[in-house]
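Shared chain: subunit A. Partners: subunit B in the first complex, subunit C in the second.
Entry: the complex of A and B
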């Protein structure tokens, strides 16, 4: 979760915007970025597999949960900023656009404007989506403590 | 992550890597024959397109790579596009990149049990097809073949014959210049003409 990162991490801001971009809706991201500056693709967009690892309960030993498809892309703007993106699934257009947005966000001149106009609204959309799902799930929650109380 | 990478790799990674691999395979099978590779590639300074194409094709995160001092400027590009494990000493390298002939004895020649574990030297020279003539003979060559190369030092043939004498151990060389490559497998014997 992008909001759960420790704030004292170096590059915490960049990690947050990369996470928001990776989960963004392609049309919303495209609309919010508007006109794109000239850039060059350095790698990809190309799909591949990454191993997702989890931790077992108790000891916390890592185990391989399974492989998931990801698409990565790296671009370089003509102003010299290199942006990377790794997104889940096979959405090549999103990977390329997210990489370009990452490059633009590293430009100190544009960073504040883009954070405000692109990243924050996208983050709000994603948070709203998560809240909706969480609310639906919460409505079906079974209160196990009630059963325990019944037995005693 | 590095922000100094300025150039892309292969425009079409699958086709171009396969074509380059085929060229290297054929060059190893028929020493001295010239092949064109990397014609669509913009190589990072100081590498030539052929050198860069061979590296993109053969090197990955499982093959330790050593760069000589002159080739070190391409380090970031190689680390990014090949995911290469770049090491500081030639001894443990699976691949070595050099712009001038290094000491072949410093590279791994493999063992008698596993001669395939030796290093492959990717040597970038001034030109192939012109310059000093070398006569090659050995497996893959029914008649001795002539190779013209510009940029190999005067003591190269003596160094090479010592490497050749180690067979089945020994270092293989891929010679690159511009968009041309050829290979000198350890089995080939070289005379200057």
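Entry: the complex of A and C
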């Protein structure tokens, strides 16, 4: 199934919604998707591992840091769209719903509505969470003075 | 192996395990711990189990901590065992710590570094007094957010004062697939350190500060926070973001006199670990730098500089396996040792009797004869590699 996206940025939109779905709260995603259309599970949901890599010195050659659990799922809607999901952790239901959402979002007829009703609100929740952390971090920002400077 | 198979004792073993379960649960009038409580309120234990278990999954790590009654090496062991039951889907693209959502970021070398110093949820500057109130601190926030933060090596790097990260996109070695072999390249060393025992690395890092392979370290930067993990599944053909993990990174900056080919500049040791494990990240960076001694033309004299010594002993799962295997039945071995000692004692007594009979002199019997040592060698010990024994003489300061 071809991506329903312009060829100049073939995957940018899809990458964004997949990133949002991977971080979604399962209950919120379920609520926002509402009644699910008919679909078939092609693979999974199954738990497995991803070997996380870092870079030597932060920017150099890659090395293997350690593994993380990941759950993947692939579904096909009755309308013929195939959706994939890889999500951190072992939540099989989240992987399945994320894969279904990925399939539905590729349907040009549904895409705008789903972006507005599902992805944007989830993204807002996630951004709010990040903002809270950033604000807490900012409250611990310090200005150290060397003793010599303290006199001036 | 030097231990022997035994049979029997099933009932006793069942009873022991039942009692263990009872002990683990403790007094049933006390509420049972939930995994969420462990994950949320014993986060540092969870982080350490994940790091040394080399498996990032907070919920599983919480379960491991609970099942192990808080024994973190046992918890790491449980996670290592669990991971073998799962297939590996992919490896990630290298995580970009430069784009981390910062929770903590400090530098001991620049007080006014771009992006500022962010203390985050730290124990630094606490009084280390037991807080009998354990008052619930309300989280305070600030209106201004923390923005992107350049990495300290990049700041120094512009002036050519510090060695660059280097490059290369070679497929890194993987200790979960290939056993450790030597010479071990830096990618393999970093993997081993990342899953190594915090206590062991801490002691080794400390030893370098005390002069056993000193590197004059400065904590160039320590940062902790969340980074996105991306993989490129073949069925998609492009990279996707699968979620965030918490990591701690340490850039240790070290003096370097320079060599024939390299001008004097700062060198670096690198630490990167799962979760908020600052002490481990710092120790890892110290030991990483120490192990680069040979590469940088420094004399290899100390344990922390000896790559084989460090890597063969940093893994606490292997270490606990070999130390604790001593509990397994060694009955046959010990019987042969016992016979050995009895024979030697008889020989010594006999020699003494003869000497007395011949000379009538009062010479002390020659204790600890030459043959004693042969019998006392650990019988067919499977682990310590013969090659590491050659290095042993070098450890003396």
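Observations on the structure shown:
Note that the second predicted complex is superposed on the first by the 130 of 152 C-alpha atoms of A that agree within 3 Å, B and C clash if a C-alpha of one lies under 4 Å from a C-alpha of the other, contacts with A are read in each partner's own complex, and residues count from 1 in each chain.
In this text, contacts are C-beta pairs under 8 Å (C-beta built on N, C-alpha and C of every residue); 3 or more make two chains touch, one makes a residue touch a chain.
All of these numbers come straight from a predicted model, not from anything done at the bench.
By the touch criterion defined above, A:35 lies against neither subunit B nor subunit C after alignment on the C-alpha atoms of chain A.
Comparing subunit C and subunit B on the residues of subunit A they touch gives the larger count to C.
Once the two complexes are laid over each other on the shared chain, residue contacts for A:84 go to subunit B and to subunit C alike. In the superposition on chain A, A:47 makes contact with subunit C only, while subunit B stays out of contact range.
In the superposition on chain A, contact is made by A:131 with subunit C only, not with subunit B. Once the two complexes are laid over each other on the shared chain, residue contacts for A:76 go to subunit B alone; subunit C is not touched. By the touch criterion stated above, A:60 is placed in contact with subunit C alone, subunit B being left untouched.
In the superposed model, A:109 lies in contact with neither subunit B nor subunit C. Residues common to the contacts of subunit A with subunit B and with subunit C across the two structures: 46, 74, 84.
Residues 40-43, 46, 74, 76, 80-82, 84, 106 of subunit A touch subunit B in their complex. Considering their complex, residues 1-3, 5-9, 13, 80-81 of subunit B touch subunit A.
In the complex of the two chains, the subunit C residues touching subunit A come out as 50-51, 54-57, 59-60, 83, 86-95, 97-98, 101-104, 111, 116-122, 139-146, 151, 153-154, 164-170, 172-176, 186-188, 190-191, 194-195, 225-226, 228-229, 231, 233, 235-236, 238-245, 247, 249, 251, 268, 270, 272-274. Those residues of subunit A that touch subunit C in the shared complex are 10-11, 15, 18-19, 22-23, 46-70, 72, 74, 84, 86-90, 130-146.
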